[in-house]
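Chain naming follows the written order as A, B and C, and within any one chain the residues start at number 1.
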Amino acid sequence: MRRRNLQLDEQGRLRHLLTIEGLKRQQIVDILDTAESFITSSDQQVRNAQVRKVPLLRGKTIVNLFFEASTRTLTTFELAAKRLSADVLKININTSATVKGESLLDMLQNLEAMQCDMFVVRHSDSGAAHLIAQHVAPHISVINAGDGQHAHPTQALLDIFTIRRHKGEFAPLTVAIVGDIMHSRVARSQIHALTTLGISDLRVIAPKTLIPSQVEGLGVHVYHDMKEGLHNADVVIMLRLQKERMQGALLPSEQEYFQDYGLTEKKLAVAKTDVMVMHPGPINRGVEIDSEVADGPRSVILEQVSNGIAVRMAVMSMVLGRPPMDKESEGAP
Amino acid sequence: MRRRNLQLDEQGRLRHLLTIEGLKRQQIVDILDTAESFITSSDQQVRNAQVRKVPLLRGKTIVNLFFEASTRTLTTFELAAKRLSADVLKININTSATVKGESLLDMLQNLEAMQCDMFVVRHSDSGAAHLIAQHVAPHISVINAGDGQHAHPTQALLDIFTIRRHKGEFAPLTVAIVGDIMHSRVARSQIHALTTLGISDLRVIAPKTLIPSQVEGLGVHVYHDMKEGLHNADVVIMLRLQKERMQGALLPSEQEYFQDYGLTEKKLAVAKTDVMVMHPGPINRGVEIDSEVADGPRSVILEQVSNGIAVRMAVMSMVLGRPPMDKESEGAP
Amino acid sequence: MRRRNLQLDEQGRLRHLLTIEGLKRQQIVDILDTAESFITSSDQQVRNAQVRKVPLLRGKTIVNLFFEASTRTLTTFELAAKRLSADVLKININTSATVKGESLLDMLQNLEAMQCDMFVVRHSDSGAAHLIAQHVAPHISVINAGDGQHAHPTQALLDIFTIRRHKGEFAPLTVAIVGDIMHSRVARSQIHALTTLGISDLRVIAPKTLIPSQVEGLGVHVYHDMKEGLHNADVVIMLRLQKERMQGALLPSEQEYFQDYGLTEKKLAVAKTDVMVMHPGPINRGVEIDSEVADGPRSVILEQVSNGIAVRMAVMSMVLGRPPMDKESEGAP
């Protein structure tokens, strides 16, 4: 309970974005609508969403605290901040600093004292962004840019934004998420987002070793066979296979994985003819997805990247743009 | 003599900021007043000074030349420059380049030719900023962000700015600086600033091995005992203990140092009840200061960080904002 | 043929800048005139060209993709972009990524999807910028910031810009390029630029081992002796000696090279009295040029650096500022 509410302020508005879990449907829709508003009118068609530079966050300072390497997510957050006219700081993190270590908290307090307004946090420990959000000063917002195997909320938001631009309504859709569901923060956030939006048929497809035990309680249907799981799908979301998983006992070889779960045109034939193929990137060509599919007409992988700018702009401007509540009028009828 | 005048232009205005030594009282007060002017009216109370973004240095380019690692000072200079709307360059310094080496001077000349306007210099050699200031083109200003054991003028300025916001007048104050006075550029600059401002009782407290021999000539009273030195103090400034000093013969163990000179609530009891506790950061908890004091109600350590932005903005805008003198009117009566 | 045209759009306007080869005289002159327009009126004299900040590329995003280390060129491109009010990204390149590798092309496609507008590319492989230009989306421009031993077009443009500011007309000039012509992308681009501008006497001076075999076909006269080659020269362009060449069999020692081809005041005595001495930097003092010459009154080496900002601003604003052609009116009379 406490974790879910941590990201909302006293008026129920988004103050941090730590996880999709616990967000109301309308809050998610508001983010998507705000993202849509940043897209220039000449590009209101589905592909290649362009955003113009706006002065919404001029004078605000956004700090990227990336404890885990990431070029793509880091770059899109930096670009989103610059499109909003904010100043951006990139802090060189001493990777030996732990989230619980005193030195990290001292560093955060110093950044707060420097009048920074937002921390965008990426960390390999699940819960890192929550922990930081629990300690920051009242004027600071924290955005989770991926924490361990827990959550990656802006990725899930850009994914559903991309789906909505193509399909319009969520309720009638069949969506299949394919790959390492067990260890994926992306999958976890996507499942929360899509079930909150009332999707009718949400499926996960993976070998038994990569399906978490209680996943069906989240409202998904489990498949271990691609032909069955992809049948009649409107959307297929491929997950990146973390190659370090290969070294353990969870998976056979890349070749075998590709044979069973790699997305090919042939396997895709059982999906709907207008199926969308998605991937959070970076893709492992020939491991979880065939190049023919990744670069093919049904792939929206690069659109996802474009949409990531608008969606991150939406989240950043919403959490930093909340007008302060008038203390006196709070109790008024 | 030559060194002192190097930082003033022909009209006696601040062109570089290399050291507090030789500045007149009014020049220091002007800097503090300018810093105060950057603070937003809604935050004119003592704590959490906020500055708004101003276009004073739009089109100017400020280069951070940090030959010595520093996250905090580098970040505050970067933020101060951005709040003034300047463009900021961070140069990756080949640490093997020496101040006297030809290659460094070539690099500086190139940066000048690129129409940079200010070099913010941090270097482990005492005198590095002076040396650079002696060689730069007439349109360039140099700010010393810490040179060896010599000076750290912007740190001293933000310290006295913080004291003035709390205490108002300097003359009646008793200020104690505690720690490694011998090797501290911060202490040296603080002593020059506070004596220039006419403080009545300035004390340094340290073991004999960490007191420079002629320090009393600077106008300070030397104490080796905390109880005596802190008695009736209005302000206590703790210095960071450089851990590498421990390895030499100058100091016993961290534990012994903390027992004798670490600031605790108990030791602080002999100071005035409204004593301010200061530290330039980053703090060594449990070495020179107890966490209870550092995080306690009398600590202004994080305020110092906030004030560092406004003070650095003041210095930067003053040295770059000097209107050129009319050559013809110079000789006029 | 295909390579030459790759950098022009369908209307013959500059879309990429990959090489000087194939540019028309008027296109080069247009770039120089545009660069001149950025220089403030108070500095229209020859030296120390200053540019003001202009909003021409506000909202555009320029990505520096430097696969090869370079502080000077990287910094001038960054400054030029900021003076044009563009947003600048510096991507940390995994140096193991090859130009032909799939991972690089995926990275470029992602940057395109992030709505970047320009890639400034530096790479140790000849042809890298061309290869990237062949693959980018229609809205992206590529600027070659140096590729292997092939071309460095912005360097050549700033060189001729510097010459024009001093000498006015190109036709009557005698220009000597001295040094490792064989391996120099700078020399190659300079030769194309100067011959296109109709220079009357273009000379290259080098030991036989450092002259490419068919260089005379480019319209230059080859000299192996400094006294002959520098005779009556209006402009002398020294090249940086790459010290790694010394290890091969192509050259004797640094001392011997300096004795034969290093530029000294004595050797320069046979040139015209108002000869200009140029060097792309960084200079090897005492190897290809004596400090007395490099720092002397005829050296324009630092002016070249200043002019590099204005010239790169010109190229960037021209390739990104092309108004889209009206499709309907294209076929109209």
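The criterion applied here is as follows: a contact is a pair of C-beta atoms (placed from the backbone, for glycine too) under 8 Å apart; a residue touches a chain by one contact, two chains touch by 3 or more.
All values reported here derive from a predicted model rather than from experimental measurement.
> Based on which chains are in contact, what kind of graph results: line, ring, star, complete or other?
Drawn as a graph, the chains make a fully connected set, so complete.
> For the homomeric pair chain A and chain C, should the interface be classed as same or different, according to whether the shared residue numbers exceed half of all numbers used?
On the two sides of the chain C and chain A interface, the residue numbers are mostly different, under half being shared.
> Averaging over Cα atoms per chain, report the distance between chain A and chain C in Å.
Averaging C-alpha atoms per chain gives centres 43 Å apart.
> Among the residues of chain C, pick out those that touch two or more other chains and give their numbers.
none
> For a test of understanding, state which residues of chain A touch chain C in their complex under the given definition.
Within the complex, chain A contacts chain C at residues 48, 50-53, 71-72, 75-76, 78-79, 82-83, 281-283, 285, 302-303, 305-306, 308-309.
> Which residues, counting only chain C, touch chain A once they are in their complex?
Residues in contact with chain A: 58-59, 61, 87, 89, 91-92, 102-103, 106-107, 109-115.
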